[in-house]
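Each of the two complexes below includes chain A, the first together with chain B, the second together with chain C.
Up next, the complex of A and B:
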């Protein structure tokens, strides 16, 4: 009996020691990843912050980076082209987001409807995957061809129903709208899938209770479905805003910001400024402005994630 | 003791031999370069990578030097090369360089005059336009940093049958050109004119309409000269000619505009020849075989030359130059032109009857090349940015978002606000064949 108690005491004493060793091992295994993260994420981020407060004559092989304070930030807020691209990005992002949400919720309700044939809804879901498996750069080139005024299939099909040829991306007045259409085509399926997942995970009881209370389908949607989906929709809004403000690839391959500057969104301006015009320090400052714009939704998302994990 | 001394002596000699063998950049001769590997950055979506890979096999047999070909599309190529040069990495030993990048890159290239002298390369074999403008500039005190590889400029292609039908002469001035468009408007189902109208193509048309008026775009110290009646006439002229173009022209890049002409739906096209010419005589791609001709446009287009350069940070400069010299040999230059569609920069290749036969419209294309020019603002640090912004401004003018005067003001303001310090030695010139 005494021996048994001694063993138990010994194992209890050993436990914290064992735990410490475990922690040490954890530190050992985490360190390479942590160092890699420092090199790959933190260092470039801090370096770009340093660059944003500097000047650098990149055309001169002996040119050195010199600190010059807020000059690059001042340049951003006095640069009409950059400010216009910020406004354009906001119009692009918020219009696309609203339309994606409306279509996303509608289609998700449709594909989860019990009244429709299961085979049909599965087929719709499979079709929705198509845009998501296409690389955005390829999608840009594809839509560039689709929008071609002379030989594009879109104008051809519209002409069959008597609608005259539209210049789409060739007209500064319709170019941004054309880009928004591509954005909707590319990323609405993502919204649909997330909302579909959300709808399928909702408890059935509130719907049954509403039915018993005599709620119409419309009332059920507004009073039950939407409030229950609220957390999912908020996450989608956050994720999409971050993505929309960072949109680059298909706009680059489809319009390269033209005609004129009608589709030049912020990321494209930053790219041109930094990579094409080699104003690396100015582009770094503009990137930090973009980062600050995206910080509130990112923090919100982080908070939501941590709160959920905390639970 | 004596034995020991001899052993030491042998050891030192061996060590020296090994060291000299390791130095692939030695200028002592062919055998030292054997086994060296050089990396050559080439533009993809041209036939050059394929051609270079073939030629590299033969080159290896002759010299023992390995050539690794790395490809990238035009946009990415610029970014990859500039990153490599600015960070002094030397990943690419040899690079195909677009002359428009000179302002950013020229100073990072190895001066080639010593190699040209050593390997007896005769620069007089090149067409004057290339000899004077390509791979050389006042940026480096007229020291050569590139060997002309290929180049072209916009040529004017027109429908011979329609010109005959409406009794039109080939236009020699922009005024004749605009009048011809008005006449050609009568032909049903045919646009009188087409060309690429995306932002980046528009400044070239502006220059083509501006230059024949006889004034330079800038003063020698880069003060804008175009904000005047001549500049306004050039923009208004562009507006006039685009009135006759398909309405979607503002989103047409170079390959997008070509099918309109190939399908017989346009009477005139201003186009870059190396993609259009081969298609025009192919019945599968062209409805107007034998019904067209190519001539120099009424105003000089700007030259779009490419040259071969060696990075200052290359560890294989000698081997790199041997490779450049190999690619520039007459027979290889001819093969690059005839088999792979990269127009030669050598006089003798263009004079070759076999080449004239193989390249549809060769004479007109050569005239356009000889007639064109290279403005040195492209070598100015602000040049690229101004060029891109000018494209946007002209696009706005053509879609009536801004007036002609507002556009000129914007172009001038863009230059003055973007203007970085004039690089030492660079003066504004419109370089040509003379």
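Up next, the complex of A and C:
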């Protein structure tokens, strides 16, 4: 059963390019994509940037968009709700990331271990696919039933081991933690698959050499496996940070940001501000702030995509 | 050197716990959808129901609103996949294989397309919202198809570049000598050779667009609602509607489940590759 993924880093520098021979066809091939990029990315992004520096009374039919400088951005950094949403998003993202990495690496090491029964580990790998068939929106609904205080199975299982009823997503104090648990359930399998693929594609020699030198499994992990796995882990961290900061679907269907604002992460508060309360200029500015936050990991990923790893 | 037996036991126990925690919610979803109503409102919860029913499914599948949503989901996912695949692979092919004046131009265009992957969707959502309003495309399938095609176009380009660059140069050269033009080469050589790549990519795009939520919930109100929109709007707890909620969820994951069962290899490759690129 081949369920592992391999990370392939590609480079456009070495593309086997041909000279242009039939210009007419090349134009036909490129035109639809070109038009799509213009109307779906170039224009909307410029529009959104323009909005973020403007004011607009959208409820007034004669209201015009007026440029007014940095006002919307200034408002973000004096707005407690948005700032606390940013803090919340960071807590959510970083705690989920750390736990996903720890579980990801440990499970990947175990399912690739030669000391465990191969049939068992390949079964584990197949079962780990399960959350991947569940779409995030459905996951939100599903976990709402699991977390249900009275009829949910989680509180029931916990009561079997003597833990009293937990309100989970019904209480502002535990809601964010409950959202993190769903995130871990939903996306850790993905982390496991990538790390498993990374582990399987590592060269055997360093491990054999370390064995000959009498390294303990513990030393082997810290001194050999982890350094060799570094490029894969860095890519995963980047991808996960970008996706974690963009989390939306299951939070929407599970808590819609509540109770109170306890699970209102950035995407959700921008969504509410722009689409629900129609403060489109303020929401545009906030969305560019999110874009700037994601710029460093984005640039890192971009660089990695174009530079072939020297191995 | 063999690890001590208790380390092995610990490994088995850990993996078993991971698997139980992973699988139980999925089991719960399926089992709740076929439980009798009295069983999902019982304390302690019924983990293994003695009686099952398909009435939730019958009720949902008979309702015109659900039929419309299922149809909409299929139309949107299939059309966007087809369009994004067509436009994306044409673009990817030219950008990988034909020098557009200078290699720098190719690189520039490819990087430009890749960068779109890095924008948070929310940055595009606000302008899309205003554009859809201005062009009166709110609550139309066309709007969803257009948006999904645009959103997944860059993915297709990036995934397909990876497959196209592996086509041996000689094959295309000999076709060029035989006088094949770009279109003939694409149709008769490139498409058959990259069948696997095209399938993996379409599976990935189909699933992503089938599950697409944020644009669907923003741009549909009645006529163009897709399944995720209906599932997402269970947010108001009008009493507990677990039967409906879970049955509808099961319906919505069925196509993905079928893909996962019948082409597991493509499924995993598609999901992981799509996210890595």
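To be clear about the criterion, the second predicted complex is superposed on the first by the 281 of 311 C-alpha atoms of A that agree within 3 Å, B and C clash if a C-alpha of one lies under 4 Å from a C-alpha of the other, contacts with A are read in each partner's own complex, and residues count from 1 in each chain.
Here is the rule we go by: contacts are C-beta pairs under 8 Å (C-beta built on N, C-alpha and C of every residue); 3 or more make two chains touch, one makes a residue touch a chain.
If you're wondering where the values come from, they're calculated on a predicted model, not measured in any experiment.
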Give one of first, second, both or neither to describe whether A:41 is in contact with chain B, with chain C, with both, or with none. second
If we overlay the two complexes on their shared chain A, which of chain B and chain C does A:169 touch? Say first, second, both or neither. first
Output check: A:110 vs chain B and chain C. Expected answer is one of first, second, both, neither. What do you get? second
Determine, under the contact definition given at the top, whether A:120 touches first (chain B), second (chain C), both, or neither. second
Quick one: is A:256 in contact with chain B, with chain C, with both, or with neither? Answer first, second, both or neither. both
If you count the residues of chain A that each partner touches, which comes out higher, chain B or chain C? C
In the superposed arrangement, does A:194 touch chain B (first), chain C (second), both or neither? second
Can A:148 be said to touch chain B (first), chain C (second), both, or neither? both
Figure out whether A:277 sits in contact with chain B (first) or chain C (second), or with both, or with neither. first
Where on chain A do the contacts from chain B and from chain C line up? 148, 150-151, 256, 275
In the complex of these two chains, what residues of chain A are touching chain B? 57-61, 81, 144, 147-151, 165, 167-172, 175, 255-261, 264, 272, 275-279
In their shared complex, at which residues does chain A touch chain C? 1-5, 7-8, 10, 12-13, 15-22, 25-26, 28-30, 32-34, 36-37, 39-41, 43-45, 47-48, 51, 103, 106-107, 110-111, 113, 115-116, 120-121, 124, 126-143, 145-146, 148, 150-153, 156, 159, 185, 189-190, 193-194, 197, 211, 217, 235, 239, 242-243, 245-246, 248-249, 252-253, 256, 266-267, 270-271, 274-275, 280, 283-284, 287-288, 290-291, 294, 298, 301-302, 305-306
Touching chain A in the complex: which residues of chain C? 1-3, 8, 11-12, 14-15, 18-19, 21-26, 28-29, 32, 40-45, 47, 86-88, 90-91, 93-101, 103, 106-107, 110-116, 118-131, 146-147, 149-151, 153, 157, 161-162, 165, 169, 172, 176, 181-183, 186, 210-211, 213-214, 217-218, 228, 231-232, 234-235, 240, 242, 245-246, 249, 252-253, 256-257, 260, 264-265, 267-269, 271-273, 275-277
Write out the stretch or stretches of chain B touching chain A in their complex. 78-79, 82, 86, 103-104, 107-108, 197-200, 246-252, 256, 259-260, 265, 312, 381, 384-385, 388-389, 391-393, 395-396, 399, 401, 418, 420, 423
